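Labels run A, B, C and D following the written order; every chain starts at residue 1.
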Amino acid sequence: MTRRLRLGMVGGGEGAFIGAVHRIAARIDDRFELVAGALSSDPQRAASSAAAIGIARSYADFREMARTEAAREDGIDAVAIVTPNHLHARIATAFLEAGIHVICDKPLAVSLDEGEALARLAREKGLVFAVTYTYTGYPLVRHARALVQAGALGDVRLVNVEYAQDWLSLPVEHQSNRQAAWRTDPALAGPAGCLGDIGTHAYQLAEYVTGMRPSEVSAEVATFVPNRPIDDHVQAMLRYANGARGMLWASQVAAGEENALRLRVYGTKAGLAFDQQNPNELWITPLGGASERITRGRVQSAEALHATRVPAGHPEGYLEAFAQLYTDAASCIEQGATQGDGWLTTVDDGVAGLRFIDAVLTSSRANAAWVTIE
Amino acid sequence: MTRRLRLGMVGGGEGAFIGAVHRIAARIDDRFELVAGALSSDPQRAASSAAAIGIARSYADFREMARTEAAREDGIDAVAIVTPNHLHARIATAFLEAGIHVICDKPLAVSLDEGEALARLAREKGLVFAVTYTYTGYPLVRHARALVQAGALGDVRLVNVEYAQDWLSLPVEHQSNRQAAWRTDPALAGPAGCLGDIGTHAYQLAEYVTGMRPSEVSAEVATFVPNRPIDDHVQAMLRYANGARGMLWASQVAAGEENALRLRVYGTKAGLAFDQQNPNELWITPLGGASERITRGRVQSAEALHATRVPAGHPEGYLEAFAQLYTDAASCIEQGATQGDGWLTTVDDGVAGLRFIDAVLTSSRANAAWVTIE
Amino acid sequence: MTRRLRLGMVGGGEGAFIGAVHRIAARIDDRFELVAGALSSDPQRAASSAAAIGIARSYADFREMARTEAAREDGIDAVAIVTPNHLHARIATAFLEAGIHVICDKPLAVSLDEGEALARLAREKGLVFAVTYTYTGYPLVRHARALVQAGALGDVRLVNVEYAQDWLSLPVEHQSNRQAAWRTDPALAGPAGCLGDIGTHAYQLAEYVTGMRPSEVSAEVATFVPNRPIDDHVQAMLRYANGARGMLWASQVAAGEENALRLRVYGTKAGLAFDQQNPNELWITPLGGASERITRGRVQSAEALHATRVPAGHPEGYLEAFAQLYTDAASCIEQGATQGDGWLTTVDDGVAGLRFIDAVLTSSRANAAWVTIE
Amino acid sequence: MTRRLRLGMVGGGEGAFIGAVHRIAARIDDRFELVAGALSSDPQRAASSAAAIGIARSYADFREMARTEAAREDGIDAVAIVTPNHLHARIATAFLEAGIHVICDKPLAVSLDEGEALARLAREKGLVFAVTYTYTGYPLVRHARALVQAGALGDVRLVNVEYAQDWLSLPVEHQSNRQAAWRTDPALAGPAGCLGDIGTHAYQLAEYVTGMRPSEVSAEVATFVPNRPIDDHVQAMLRYANGARGMLWASQVAAGEENALRLRVYGTKAGLAFDQQNPNELWITPLGGASERITRGRVQSAEALHATRVPAGHPEGYLEAFAQLYTDAASCIEQGATQGDGWLTTVDDGVAGLRFIDAVLTSSRANAAWVTIE
């Protein structure tokens, strides 16, 4: 057995949602052991969280952690960054400087400049920098991507992606919902609310599957909950270089929706549909034909099998998709694949997400004028 | 028994799709008998079609038909117009002038001017003028409308409507597909292709259910099939006076889609979803709650029951929805409700559809600039 | 045009469910005109019902109707029998004796003897005798049958059919529900309640699609509502001559179910699934493979197209399936196909249903012992 | 933090399906660390499997493992038994005798006698004995059970449970499919094939949710694949003491089915439906009403929340359900709840499963005569 990689974590103290998810994800495939953490900026809380979770080495400060771990014989191989967005860049920089691989939650940073600097630094240092676009860990998302690459859809004509939730429909940020509080505070979340939190997932999923980056966007963000200082809805029209058209929307005020990330892609030969709420199935319909319901476990492509643990009919879910990112990051680290393996989303995908955020905000300020992306 | 109303038909000769649909629809609830027709502009074909269908009085010319029927003691009460779009206005005018009620396929006309003239004329003459927006005949569409009116969704924030087909993905207009031929020919279909054919259905359904007309639209039409002189795709962003946002798209090149008209409306309290391909169910999900699957036949609102023939679990479909329009038109005619009954779509809805077409084409020519509707 | 066939109706006066359904069904494809009726055994009600519906000739007595119509030049070609079950045999006999074709609701009769006598008489007289097993009129049921016949499933191993409703969960027969009243009264419905009303549909659908009649049944009926003198639930295990196994159940006390007739058939090569509540789709899944969702309108088999009116995505429903039986009966009458056309369910299918009822009741009385069918 | 419990494993060497599943399940919630194993009866393979997996202490023999671990200060707290069925009883006995808690795959044993002896021994020793009926770990299965207990369905009338797979449709046991080889060999699997492998899951799920054990069963097993020495299909009718009826079937030759365990329960007030292939939703339909789609994460019952990791719309699956059993076993061990916590399935549920197997085989040998259970 290859030894487990040693993992550290910054953020994710008690009560945080995404930190606990990262920890489960890191455990599922048994490629990491979590041995160090700076789980909170409050040293007390950091220590008690580490003790509760059973992490051996607790730090009060992420810079100290980077320094100390880099110096240890048995220091961490990689760090998972699961803080609010505004800290991502600072923390990632510290660990990259210390020669430690990074696994960072999305969005990568709160500005495009920050993100580009991180990408440069990771390249200079020759380190793996994974960005956890969770939904790309689904076997059927990878299969979809492989199908498009193989030409199964023909030329892509239409892209339709949406991400709808309802959990910010009311001003819950004022009701001791800590998640809501930081995600609706531009000082912590950055300038994009719904756009940064889930709009980037939608954007990234469409790009990941189609292999196409839109060239222009016409968009507007909106805020439905009074006095919220950040967007809770975004909608956009997309143009692609090959003439394809697209629509993208994301909303956190879509009453009744849970976590509805749905992608449809239509080509000259066939269309596909994927809904992350039913991630064990992928629909392909040929032009004029009958839909085929492809299932995880039954489909035999290398891309899907690579990301599959149990047979068809034994549903895998969100945590397994997340685990796949950790597993792929582990493989990249072990193999020195610092540019990724072609399937793992990296700092470059993080930068692409920031470019999209930038373009949407620019367009929105200009009354939804068309803005070139890049 | 009230006597059956006497119906005439213009267009709909052998091989036409929508003419046959209208005839079945007129029969289902037994409120009409079809007694006269000018089924084709080719007199030979008109006569043979009439004979095949069993229509007593066949005319070679719609003007002659209007004149003659108006003069007969037992002349028709109403005429169904099922020709290509460019003839709608001329024919409707002839029958309105002759004092005969009109049931006209959509789009109402090929220009807003034509449409407004029809609306004026119908009003002057005090005649019923139904426009067959088929999908408003579904019991659960009416129930959805009633729910929104009653405030079940709270204030509407988001409107999402789409209409996707794939039958024009290839240049079938050159392959003896008569439907495709006239629907892609601006001389017969008018300036809007996909936009006029199905985009107007999407627009109308959203308006019918929400009771809200968008105030501004940013849109672009596109043509994917080379050398097609008309759009086969349209996408738009919508703004409403109350701050609500919307997205609308319609495509006839969405590979794999059959006739996917889907509406979602999200309010401050709940969201709803309807797919005309599964018209016996309507989904309502309260904010943060569990979805409810409301079914035709089981739901007991007056609006739904009015449009229902058989009990729950005995699916009704497209033809019954179409029949409902005929039945409501019959009631309006019998009761002299020349402005409609509040549920039947009339010439005013037809004009609204033309306004939408106009605004979309204007916006599209201006690189998707925002255009005020009305 | 072939002239419309002249149709009479016995039963189906005001307030009856199935009579109205038969009338719509007879109108949809325009092959019949309803010209005579004995709509109620109460002459007053018969006359007023006929007037309300617009039937020209009303009779107070079905025997007089048979006699008189047979004598008229323009007498009816066929009669539709839509009374409670106990009268079917008497009425059908009268019209067969008079040389008039019969379209009879199911179950054919209240005893196997009655049924067999009818089959003999129809044969002697050389008349068409259709039994309206509605669900066989669905295009995708016919397509399913054709697939099985063509060997697409391989050898059939398992048959699973169910029919679940909830409308008799409470003692509604005592609450002025006329439907419930006669259907739970053995004097009117015959010895089988749920078994006769919907169990026979389930049985027939399985046989229709598989082409296989079970050789043995082990079954029990049950009555859940206290003091109900007839079964409201039936469950059975089936054995087929080729070694296949099956399960069948039907219930009118399955809380929450509307009209859930569902069939699954598994063969050595593939399985199929059909739910009449979603009749525009049929599922085929090959062994180890991905499910295919076949849709009405898009599937191009002769069997399905024969029973299809409108294109894919324009849902057809229960009334169109019912109409198909009328249309096929019309064709059989016109072509003198007194044994049916191979697709229309006839008196022989009605007799098979009675044999099944007989076998189930025999088995149930013997504590679910295996009983040979036939 | 409570220290992680130390876990051993017997069986589950390289290439085994269920061993890997148990290991992931044990990791997900981080309550166990796997420190010892006798992964194969082949010492070489045992050692290499342990090394590959990273297990510290490898044993060539389970008896030696039980003895040695019991003697160590840091010996295992619990053992997971994941061998073929015929070894379960022997291994469990050895560990119970050594005072070590047991987590055993189902079926518990290959005979009722064996099973009852295990139950007695576990009781005597005062040890936790969990049996991994995976599907009871789903939050919505627990919620369903709580709903039935709370009377939400009224009195249960009908129980319908099925478990359909297709992976044994062909004689794959002769094609180097090791899973198939032992599961179709009575010497390793015991006398029940499909019945023991998945029929018991179906039986157990129905009992778990309804809280009702059937009093009588009429059943037959069947073998469809020639020369297979064990059943690959079972079907049964059930009677309950309160008059309720049920049907159960399980098949491993149902072409096209993956892992279709589906339960429906109908009571006097409402019905419920659950399909483990879509475990994030549970359907409740009141008598005569609209279905409610209850979702994991959104439903707030204590039972469901106890078994939930991530919010609604972030699907959990089979591995999380399995993890829940480990987590509940850990809690029972830590709290000394040797009879379980009321939700964890234990040796008594394992014995109930064996009683069902016994009754079905007895009934089947007697031509499906009714056999009393217990």
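Quick note on the criterion: contacts are C-beta pairs under 8 Å (C-beta built on N, C-alpha and C of every residue); 3 or more make two chains touch, one makes a residue touch a chain.
On a predicted model such as this, the values are computed, not experimentally measured, just so you know.
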If chain centres are mean C-alpha positions, then the most distant from subunit B is chain D
Chain pair with the higher count of C-beta pairs in contact (A-D, B-D): A-D
Inter-centroid spacing, subunit D versus subunit B (mean Cα positions, whole Å): 55
Separation of subunit C from subunit D, taking each centre as the mean of its C-alpha atoms, in whole Å: 43
How many angstrom lie between the CA centroids of subunit A and subunit D, rounded to a whole number? 35
Send over the residues of subunit B in touch with two or more other chains. 257, 288-289, 291, 295, 298
The answer for subunit D against subunit A in the complex is residues 1, 3-4, 17, 20-21, 23-24, 27-30, 51-54, 165, 257-260, 276-280, 295, 297-298, 309-320
State the interface residues of subunit A toward subunit B in the complex, per the touch definition above. 153-154, 157-158, 160, 162, 164, 166-167, 169-170, 218, 220, 222, 224, 233, 235, 237, 243, 245, 247, 249, 251, 253-257, 266-271, 284-289, 291, 367-368, 370
Subunit C partner, complex, touching residues on subunit A are 288-295, 298-299
